[in-house]
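Next up, some structures in structure tokens.
What follows is subunit A paired twice: with subunit B in the first complex and subunit C in the second.
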Partner chain A sequence: MKAKKELYQYTTAAILLIIAFVLSISVGRYHISLGDIIRIVTGQRVDDLTKMVFFHLRLSRTIMVVLAGMGLSISGSIYQNIFKNPLATPDIMGVSSGANLGAAIAIIFLSGSIYAISISAFLGGLIAVFTAIALTNMSRDRGISTIVLAGIIIGSITQGAIMLLKFFADPERQLAAIEFWSMGTFAGVTSDKLISILPFFALGLIILFLLRWQINLLSLSDEEGRSLGLNVKRVRLLVIIAATLVVASIVSITGLISFVGLIAAHMGRIIRKKNDFSTAIFSGILGAIILIIADCLARSISSSEIPISILTTFIGAPYLAYLMSRYR
Partner chain B sequence: MQSRNLKSRIILLGLAVIMLLSAMACSKTEDTPHKDEKITIKDQLGREVTLDKEAERIVSGYYISTSMLIALGLKDRVVGVEANANTRPIYAMAAAEFLDLPNVGTAKDFNLEGTLALEPDLVIVPVRLKDTISTLEDMGIKVIAIDPEDMDLLKESLQIIGKATGTEDRAEKLISYYDEKTQKIKEIAKNNEESKKRIYFGGNSDFLSTATKRMYQNYMIETAGGENVADIDDNYWAIISYEQLISYNPDMIVIAPGAKYSKEDILEDYKLSGIDAIKNKQVYAMPSNIELWDSPIPSSILGTMWLNSILHEDEYSYEEFLDDLVEFYQEFYEISIEKEKISK
Partner chain C sequence: MELLKVEEINAGYGRELVLKDIDFSMESGSLLGLLGLNGAGKTTLLRVIGGLLNPLRGQVLVHGKDIFTYREKERAKHISFMPQRHSIVYDTEVIDIVLMGINPYLGIFDSPSKEDREKAYEALKYVGMEDKHLSNFLHLSEGQRQLVIVARALLQNSEIMLFDEPNSTLDFNNSHMVLSKIREIIKSRGKSGIITLHDPNMVLNYCDSIILLKDGEVFGHFQVEDIDRAFVQDVFSKIYDDIETIEYKKQFFILRKS
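Up next, the complex of A and B:
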């Protein structure tokens, strides 16, 4: 009975994801008819430009959206689990603010080219989290509250540094670029960028997947985990590093995407009424669906792109409110 | 006896002549304000400002007004400029002393005390510094707000500063230069009305950001005889996608001056290779080594002229444009420009 219900939940989510995916590859500013898409998929001849747009732009963008939605939501769900805190997301370790600082540094001091911004944002995210981990290790108590505190400290420092950079930025040219970056967009995603982040993203996700049993145990108290033979600290550290890789590789090319990680994780838990690794995967599917819908709107409401975080917030928050009022 | 009479008559006549002359001189000073007479100006916030005399110690809180002060030949009267003066090459070229002047901050963070310490008799700020204006006025400082957002407002702000500093003639000279050139540009544009090119104007941070309908860049494109492909009703750079740019399929791509990417970045991006502008190598970067002509600064007319020349090379050759450019900077900024340094 229970297994049946789970199967039903997974199948529904998977079907919705497929529908959203198909919708996403057929919506865009460059006109590609459904017939063309079918011809491309079945390997028939279409003109080169259409083919190029489809593979290098449309399909790459959609895949990136799916990866971003899954990555952010799975990490969000796992963080809520291991930190035993419903508000935890990878952001609490400072990965987003670190990436934001990295992007701002590239915009102001480096060439400001798209590649410089991506690399600098990626490194910024990693450096922020590793600094927070180092800070935790300086403390005698390496429990959750110390980790969170270290994350808050690093987050505040990077926020301060971002404010400082914004203050000195040229308002016409640089400030706006920093602001836009922090709102996120998939407009510039291409196959090259997708391929360049894929190794880091995959590495992070594979580590998380390999740690799935330990992650389930981490949701227990530290003492219980230890009594079951788990090296709590090491596993937690590995999970943090893996999730950081996932999130940093996503935001380095899209900019900040707010709220999806938090919201999809809650949805997953409310629907499944569970808190384990398979809920994290389920949340990942939900996150991908939300982000696809948001991105379809972002590119089709007007001829200019709407920053993705505006839409994720407006789509995600009301749905979460609905679930909260119904199930809690 | 008679000779004495004659003498006194001559003296009387002389006196009369002097009186008449001085009366004429008096009436003349009433027409054009003398240095020490009150000047009343209406600024671009619609405020009436009365100066006791022509401004002698001027603080400019805005790069556009600073550039105007150079163009009006007033650089010697400037005692303070906005922050980051070293990022504007024109200052080093035409008014190197500005780089050493105290800076009064930016529009985001205007330095009130620093401004007061300079004891200016006129402070020029952009209209968005409304709050600062009333604070400065409470402390007895005369302030005028300018708002050069388009060509007409630019002309008006030149007139305002001209009046406040007694340089109306030079301001009028600039304005008539703009009018004359604009007319010429528009004529060339009109002759080529049928073959209007569709232009994509790439923003400075990323070529996937573009100029929208209510921006100065849009005015420049339309005046120069082109059509902006991005039909977006906004007053700030819009972010678009690759797909959007491909479906716009512009005839020509123009890169904003000072952009963080190069012509080659666009020409070599295989994802854009289907666009007509790329196929025909019609990608141009607006020069940025003197000033950024895509904002309404006194020399921005050169941006429109540059674009006009790029669009209609046969009627307004690039060589002619360069001659005009050299002449403009020689006349109004008193500097000589080397033509070789100006690229397309």
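Up next, the complex of A and C:
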């Protein structure tokens, strides 16, 4: 009975994901019909323009959207576990603000090319989190509240630095670029970029998968975890690093994407009513679906493309309000 | 060699000294009750023995080896610790909570096997909770939750089992049910258990020996089978003041006089 229900949940989510995937390939300024998609997949002849749009624009973009939705949601779910707080997000350790600062530095001081921005944002995210961890280790109490505090400190410093950079930025080119980056977009995704982040993304995800059972135990209090033989500090550090790798590799290409990690992880818990790694994966599928829908809207609502975070915020904030009214 | 030996433990938080020169040792197959008023140091002592709080001085020896030199997993194979209040915040199936007890026997990248799952089910059966193995832990009553945590400790299968006021949130019936289960486990599986309790009558009823803590020091340490009414009256009145000890069916009960 129970296993049947789980199978049903997964199948439904997987079918929805496939539908959304096909929709995402099809939607955009240049429409690709379902017939064309089937013809390409089955290796039949289609005209060159359709083929070009399919392979160079839509496919890599859609795969990136799926990876981003999954990665952000799985990390979000795991962060909620580690921080024992259903509102924790990957941003809590400063990975997003660090990546934002890295991107801003590349825009102003480096060439500002898309590759420079990606690499700098990736490094910025990693450095921010490692600095937060180093700050935590300076304190005698290395509990959750210290980690959160360290994350807040790093977040504030990077925000301050970003403001400084924005103040001195050339308003026409640089300021606009920084602002756009922080709103996120899948517009510039190419297969080259996708392949370049894949190793980091996969490494992070594999580590998280290997640590899946330990992650369950991290949702307990430190003391209860230790009494069960969990090396809390070491495992928590490993999990934070792996989740950061996943998030940083995504946002380094897409820019900031708000709310997906929070709401998909939350919906996963509500539907599955469990707290294990398969719930995190389920959340990942939900996150991919949500992000595909948001990205399709971003491409088709107006004549110019809308940044993705505007849409995810308009989906995410009402959902939070709904949660607030439920937990009275 | 004793299973557990506690030597001149001094411990506290920050500069505040909570425990002063605690000494005792324990053999298998008995349940030791730690008794004392709030702030006497019961929980602190339990945390030190469980390897969760470093003492300022002294050591806890398990099989003659300092507990703080064990690695987390090794220590957890020797000592389990049942907290006063579990810290589970997310919806989780009961069987998954029990399975956490197998963790000391798993490598860092391992997950519980099918056999582990069967063992967890057996542990639940032992505490009479097997019907609930797929229920949401957070939907259980307090008494049922404590039984699930006891089952988890059972799966952990350590020779020393610590229980920190397992009945603090339980009603009268549930208290007796959980404590008799704990006693049964200690006796039938030859474990050695240490339990902190608030209620002296519970300690007198369920434990084999008692340590009375007062202001962080051992005020009395005795076997329950050796004591008589006059002794109980004398010792316990020094902690609880105005009391009367009565004997009923060869057991002692303490009543408050005024």
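Everything that follows uses one rule, which is that the second predicted complex is superposed on the first by the 311 of 328 C-alpha atoms of A that agree within 3 Å, B and C clash if a C-alpha of one lies under 4 Å from a C-alpha of the other, contacts with A are read in each partner's own complex, and residues count from 1 in each chain.
Assume a contact is a pair of C-beta atoms (placed from the backbone, for glycine too) under 8 Å apart; a residue touches a chain by one contact, two chains touch by 3 or more.
Fair warning: this is a prediction, and the values are worked out from it, not measured in the lab.
Novice: Using the overlay on subunit A, decide if subunit B and subunit C clash or can fit next to each other.
Specialist: Superposition result for subunit B and subunit C: fit.
Novice: Figure out whether A:176 sits in contact with subunit B (first) or subunit C (second), or with both, or with neither.
Specialist: first
Novice: Between subunit B (first) and subunit C (second), which, if any, makes contact with A:49: first, second, both or neither?
Specialist: first
Novice: Touching A:93, do we find subunit B (first), subunit C (second), both, or neither?
Specialist: Touch partners of A:93: none, neither subunit B nor subunit C.
Novice: Contacts for A:305 in the overlay, against subunit B (first) and subunit C (second): which applies, first, second, both or neither?
Specialist: Touch status of A:305: first partner only.
Novice: Just subunit B (first), just subunit C (second), both, or neither: which does A:285 touch?
Specialist: It touches nothing on subunit B or subunit C.
Novice: Could you look at A:31 and tell me whether it touches subunit B, subunit C, both or neither (first, second, both, neither)?
Specialist: first
Novice: Given Cα centres, how many degrees, to the nearest 10, is the angle at subunit A formed with subunit B and subunit C?
Specialist: Reported to the nearest 10, the angle reads 140 degrees.
Novice: On the A-aligned overlay, A:114 touches which partner chain: subunit B = first, subunit C = second, or both, or neither?
Specialist: First partner only, subunit B.
Novice: Give me, in Å and rounded to a whole number, the least C-alpha distance separating subunit B from subunit C in the superposition.
Specialist: 41
Novice: Quick one: in the complex, what on subunit B touches subunit A?
Specialist: On the subunit B side, the touching residues are 84, 87, 106-109, 204-206, 208, 212, 230-232, 234, 236-244, 246-247, 258, 260-261, 265, 270-271, 273-274, 295.
Novice: Quick one: which bits of subunit A touch subunit B in the complex? Just the residue numbers, please.
Specialist: 28-31, 48-49, 52-53, 56-58, 61, 107, 111-114, 167, 170-174, 176-177, 180, 185, 187-188, 190, 299, 302-305, 307
Novice: Using the touch definition up top, name the residues of subunit A that touch subunit C in the complex.
Specialist: Touching subunit C from subunit A are residues 2, 80-81, 84, 86, 210-214, 216-217, 219-221, 223-224, 226-231, 235, 269, 272-276.
Novice: Can you list the subunit C residues touching subunit A in their complex?
Specialist: Within the complex, subunit C touches subunit A at residues 47, 50-52, 71-77, 79-81, 83, 86-93, 96, 100-101, 103-104, 106, 108-112, 134, 136, 152, 156.
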